[in-house]
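Here's the structure we're looking at; comments come further down.
Going by the order they are written in, the chains are A, B, C, D and E; count residues from 1 in each one.
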Amino acid sequence: MTTVAPNAPAARAGDDRVAGPGEPVDVAHAVPQRHPLQWVATAVVAVLAAQLIHMLVTNPNFEWDVVLRYFNTESVARGLWTTLKLTVIAMAVGIVLGVLLAVCRLSSNWLLRSLAALYIWFFRGVPALVQLIFWFNMSALMPRVSIGIPFGPEFVHWETNALITPLLAAILGLGLNEGAYMAEIVRGGLMSVDQGQTEAAQALGMSRTRTLFRVVLPQAMRFIVPPTGSQVINMLKATSLVSVIALSDLLYTVQSIYNRTFQTIPLLLVACVWYLVITSILYVGQSFIERHYARGSKRNTPTRYRDVLRIRRKPVVAKVEVPS
Amino acid sequence: MTTVAPNAPAARAGDDRVAGPGEPVDVAHAVPQRHPLQWVATAVVAVLAAQLIHMLVTNPNFEWDVVLRYFNTESVARGLWTTLKLTVIAMAVGIVLGVLLAVCRLSSNWLLRSLAALYIWFFRGVPALVQLIFWFNMSALMPRVSIGIPFGPEFVHWETNALITPLLAAILGLGLNEGAYMAEIVRGGLMSVDQGQTEAAQALGMSRTRTLFRVVLPQAMRFIVPPTGSQVINMLKATSLVSVIALSDLLYTVQSIYNRTFQTIPLLLVACVWYLVITSILYVGQSFIERHYARGSKRNTPTRYRDVLRIRRKPVVAKVEVPS
Amino acid sequence: MTTVGQPLVSARGVRKQFGPLQVLKGVDLDVHPGEVVVILGPSGSGKSTFLRCVNHLERIDAGSITVDGELVGYEQRGGRIHRLPERRIARTRRQIGMVFQHFNLFPHLTVLGNVIEAPVGVLREPKAEVVERARALLDKVGLADKADSYPRQLSGGQQQRVAIARALAMRPKLMLFDEPTSALDPELVGEVLGTMRDLAADGLTMVVVTHEISFAREVADRVVFMDGGTIVESGTPAEVLDRPANPRTRAFLARFLPAGQSAA
Amino acid sequence: MTTVGQPLVSARGVRKQFGPLQVLKGVDLDVHPGEVVVILGPSGSGKSTFLRCVNHLERIDAGSITVDGELVGYEQRGGRIHRLPERRIARTRRQIGMVFQHFNLFPHLTVLGNVIEAPVGVLREPKAEVVERARALLDKVGLADKADSYPRQLSGGQQQRVAIARALAMRPKLMLFDEPTSALDPELVGEVLGTMRDLAADGLTMVVVTHEISFAREVADRVVFMDGGTIVESGTPAEVLDRPANPRTRAFLARFLPAGQSAA
Amino acid sequence: KDPSEAQPGGGGETATQQQNAALHDQLPDKIKQAGKLVSVNSGSFPPYEIVGSNRELSGAAADLSDALGQILGVKIEHVTVEGLSGILTGIKADRYDFALGPIGDFPERETDNDFVDWVQEFVVFAVPKGNPKQIKDLDSACGLRIAVQAAGSAEKVIKTQSQKCTADGKPAIEVQSYKDQPSSILSVKSGRADAFFSSQAPLTYFVQQSNGELELAAVGQKNGFDDLFQGAVVPKDSALRDVLLAALQELFDNGTYAKIMAKWGLDGNKLDKPGVNLAGSKG
């Protein structure tokens, strides 16, 4: 960024040129550093990797032919689709809810704050499995949902079972649960944004909503995105809980195949490979999103991919250049 | 903190005392603000809560007598104990691993960095269920573990099944998996500590390890503790996966009871109530830990409980008082 | 330049308390249109708090502040005083520009984005028009070529000038400056003071909290000295800086003079 | 006071490059025991980088730096130069105290905790002894009563004085100051400069990067002017500040003089 | 004490068996040394397997395993793990010697494992009290919502039936595949499904447990299954398979098998003789 004018001549003052007592030393001639330990470690890792690959390939228990055979059968694809669909919808619900709850948690309103805290306490505490079972079988508890005068006559009512389809139950169960976790993540992110930002926005006459969405949230995103990535990966796998309400995701699909064929290991491998493929794609996607929200956060906009992964926060007050 | 000397007399300059054009207005007499909406909302919430409690108490489907009957039977207590034990051990493994991995991820050493990234990619991507099955049944792949020359003779060997007990498999499966998630959390925390802190420590001649443990980590803890709380709660519930390797945690214990008795809802309630009790205890514990690590992070040390939950980061440069 | 007529800012008996700490103990101040008022005073005397009360970043406990004849944050209705809702307060704030000590630029927006954000998003002015005005303003503060940089890529002095342009883009009637140069390296202070000098020359009404005595002497129409939550002394720069009546003012000013030079 | 004899710091042809940017282009500087050297220069001229090279926070690319006769960060062994491992570098650094512009106190430790951390944890001195010394040091910098406060509860000037005490607690042979006052409000600069003046009077060897001309004039044994990665001018304060030989030095100094006053 | 311990009653104790030394000798060395066989099950499958709160097993399979153990002269130890993945991988990994079951024997399951079948199963419907949808047989299920346990043979049958319904111009069956029996039963209770289509023996047990909320329908029909065999799972071609078969044969011959089956109300499910991979050999 800074370029020192190349025409600056080295007009050194004389008295510092008086030779020192020792012979002239120049570290430019230093022996290049050797890292014997690093080479040993690399070798060890290489051998271990070779052994692992050797085992993966040669061990008959993996039955790679079976893995290949099932890898993109239609039923696996359908399970994968359910997994992806549920992950996307439940995460969307969770993120929206999480932002709302986080804002409530930080609100000055006593009621909102307590309700949000209660929600988070409850939904983090109750296992998602139980929540799914509850939502799906709510009609066992409440055969119909009605709007009316409390403890009095009803005006409108619906059959609970008609109202709550399996998909809706899955979205409610996973999404409401996720909302509680996301709320804590978003709250952390919001708190990490300097209060001066809010004040600057207010001083410009921005409304609270605008301040949140244009000023605070975009800056909080840098701290929200990485843990949200973990949550997405978690959700990807948590969707397998929906098998309890007769939906079949990727993991459950392979389980039901090996329930029939008893080929446990290769079919679990099918699921693992798919999960690894999806998480790899997510990983790349996440680093792009992180890069987007990191814009303006460093003096030098990162260019290399590796830099994106290693953002360090710099003190706010920038250094300054004066042309010489 | 600052106290303005109470003897400061109001020696105002004359020209500002000239009365303004309007009549004197004093906002001290402003009408106290009413919040009609808040009251309506409170009422609505109260009614809904009443309905919910009414339903909880009167709905026969909850079978509270069954809940009570099972609540502290010995088998439930044993399941709870397994859950707690596994949570504590697996989280301990996860946290230690997470710190190690995070340090590796941020290391300047290429090999360490890649290995850590690979680890995180792999262990986040593969479902914990599969990892558990894999570890527990590793002898299907490798009947014995040996130390020897790669692809050559063995020196020592052990029966895998004797080596890997169910408990060890559970700790490996859950702990190694958790390590990958914790690594990302710790990395975020470490990155949030200003680089100036590391430099100050180095300038004092501290070693890297000491800098990490005495300077960086204690400050990072403020950002590490809250998401770790979420991870503990997650782990609490994730332990139910160990039922696949013949350990029975809380959730699996109630499931195996209702597998026999078909009192699904009340038995799930038993688990839920226990989970809520534990998460509540954790919640309190977490806020104490947070308070500990927040020391020195604000100008005014928080005293009220609510403040602990709403810490805001202040700009580093402190304001200054000059005695007047 | 002390104009007679309706003042733009009129504070009367302003009090503000933080918990047990009485920070403002009845501040009276009139600022007339076109006037430049510099507030001096030791740290903790309540200078920032007072400025923040003027645009209602802090709610005052007693007294009143009007800007352009309108009560800030409150409304007289049916003979009684009511708090304004957040939305109405935001409307008042749009007339008042504020420049903070730590700049508080939006780091995720470019320089141009920072300047146009509020006019486009809050005043709902057409974007093309605002961009044109923003470029003119950036030109005025000497940063025409930095429009597409991000704040962190600028020096502190440049950032502060962007903050000034951002506030000016709202065409405020009044500008508040809270120690706009004290977070800057000594070398960069000059840039920002230069910009402020130009604004004063343009006739903008300004209230400036600063420690730059020479700036106060040169640019201020009036200098106000605050201490312990009240205005202790007020008058022309010559009166307050060179012949301070109050012993505390004298003690304070002594710190800012080169050693060996007396306060005359 | 330019002593003859073995210099404490001896830099020879120090070069440092960040990517394509050559920041230090061959810096030669000797600092003798007990000497106070002030480095002046425009921003970006490499002053901080040079200081950081002296205690090896940055690895130099060419040339050499010795402190107390020992090569910093390298070792001559068998006629060749080898990089020192991190552990050995840390040992060198213990002899050199550094005070940063942004204080960089450890916010999670009390003031006393900050001061005793390194002597107890790194030098492994007995804690009781260190605490006693630390209290004496805090007393010396005028903060005896703040021992149990946390850094964020202090003013900037107080924080910087704690930072100085923290560095002194290691009993360094050499102190490096990198713009120790430029993050402070003007009112607080005096406190820190006062402390530094006392240290100089005690005969501590110091290299100070600062913009405080009057401090340089009063305290420095030698003033060095850096620009564009080299030392452009060097001499007594009177020589460099009042009769600068180099036109760039003259242009730089002009900024720091009150308007209307010439550099004579 | 766990209130669910009360077990459904049944006849008296079965007599102790004579150890068969020849069979004991045929056991793999490892088992002989250990003196025990580890049998794995996936939790309650009443009335064959009922896991108590201390993880001790009762039910027809437990009684049978006691008798088998006496004949073979080893102890049979039961381990409960969740899901087939745990069972099958565990057998492969040599953690468990076999699963006594009964586990459904289908041709495709016989590729990697051998079955020693010892019961026959029928499939019926569990419906809410009063059978509101009037289910009499498979054909009367057209247009209804039927819960099944995923991946079981009931699922396959009901899906075929659904195609048959549409072919006949009747509305298709809405098949809901649940993970386990409790969630299937819960879906019938909460009105999500009209009936649960599953093995008769466990269903009989569930209906007894439901306090009169449920009843069985279409009992005694073929319901799409010609012969549904269930039995023990052992590793493919293992020595244990033949020992197990011989030991079972002995229990069939001396009447112990019939006694146990009668005790648990399973008279209808008896086989004439045990066999290996009966499904594959027939299908």
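What we mean here is this: a residue touches a chain if its C-beta (ideal position, glycine included) is under 8 Å from a C-beta of that chain, and two chains touch if they have at least 3 such contacts.
Keep in mind it's a predicted model, so treat the numbers as computed, not measured.
Undergrad: By count of C-beta pairs in contact, what is the leading chain pair?
TA: A-B
Undergrad: Using the average of all C-alpha atoms in each chain as its centre, how far is it in Å between chain D and chain E?
TA: 82
Undergrad: Counting only Cα atoms for the centres, state how far chain A is from chain B in Å.
TA: About 15 Å, centre to centre.
Undergrad: Centroid from C-alpha atoms only, then distance chain A to chain E, rounded to Å. What do you get?
TA: Roughly 43 Å, centre to centre.
Undergrad: Give me the residue numbers in chain E that touch at least two other chains, ranges are fine.
TA: 83, 85, 89, 92, 180, 183, 186
Undergrad: Chain A: which residues touch two or more other chains?
TA: 1, 61, 133, 137, 140, 194, 196, 264-265, 268, 314-317, 319-322
Undergrad: Which positions in chain C are in touch with at least two other chains?
TA: 42-43, 102, 155, 183, 185, 187
Undergrad: Chain pairs in touch?
TA: The complete list of chain pairs in contact reads A-B, A-C, A-D, A-E, B-C, B-D, B-E, C-D.
Undergrad: Flag every residue of chain B that touches chain A in the complex, lowest number first.
TA: Within the complex, chain B contacts chain A at residues 38, 41-42, 45, 47, 50-51, 54-55, 59, 61-62, 106, 109, 111, 115, 121-122, 124-130, 133, 140-142, 150-151, 181, 184-185, 188, 191-192, 194-196, 223, 226-227, 229-230, 233-234, 237, 240, 251, 264-265, 268, 271-272, 275-276, 278-280, 283, 310-316.
Undergrad: Which of the residues in chain A end up touching chain E in this complex?
TA: Touch list, chain A to chain E: 61, 133, 136-140, 143, 161, 243-246, 248, 252, 255-265, 268.
Undergrad: Would you tell me which residues of chain D are touching chain A in their complex?
TA: Within the complex, chain D contacts chain A at residues 2, 6-7, 10, 12-13, 15, 21-23, 25-26, 28-30, 42-45, 60-64, 66, 69, 71, 73-74, 76, 80-83, 102, 183, 224, 227-235, 246, 248.
Undergrad: Can you tell me which positions in chain D touch chain C when the two form their complex?
TA: So the residues of chain D in touch with chain C come to 42-43, 155, 179, 182-183, 185-187, 190, 211, 214, 255-256, 258-259.
Undergrad: Which residues of chain E touch chain B once you look at their complex with the stated criterion?
TA: The touching residues are 1-4, 40, 43-44, 46, 50-55, 79-83, 85-86, 89-90, 92-95, 180-183, 185-186, 206, 209-210.
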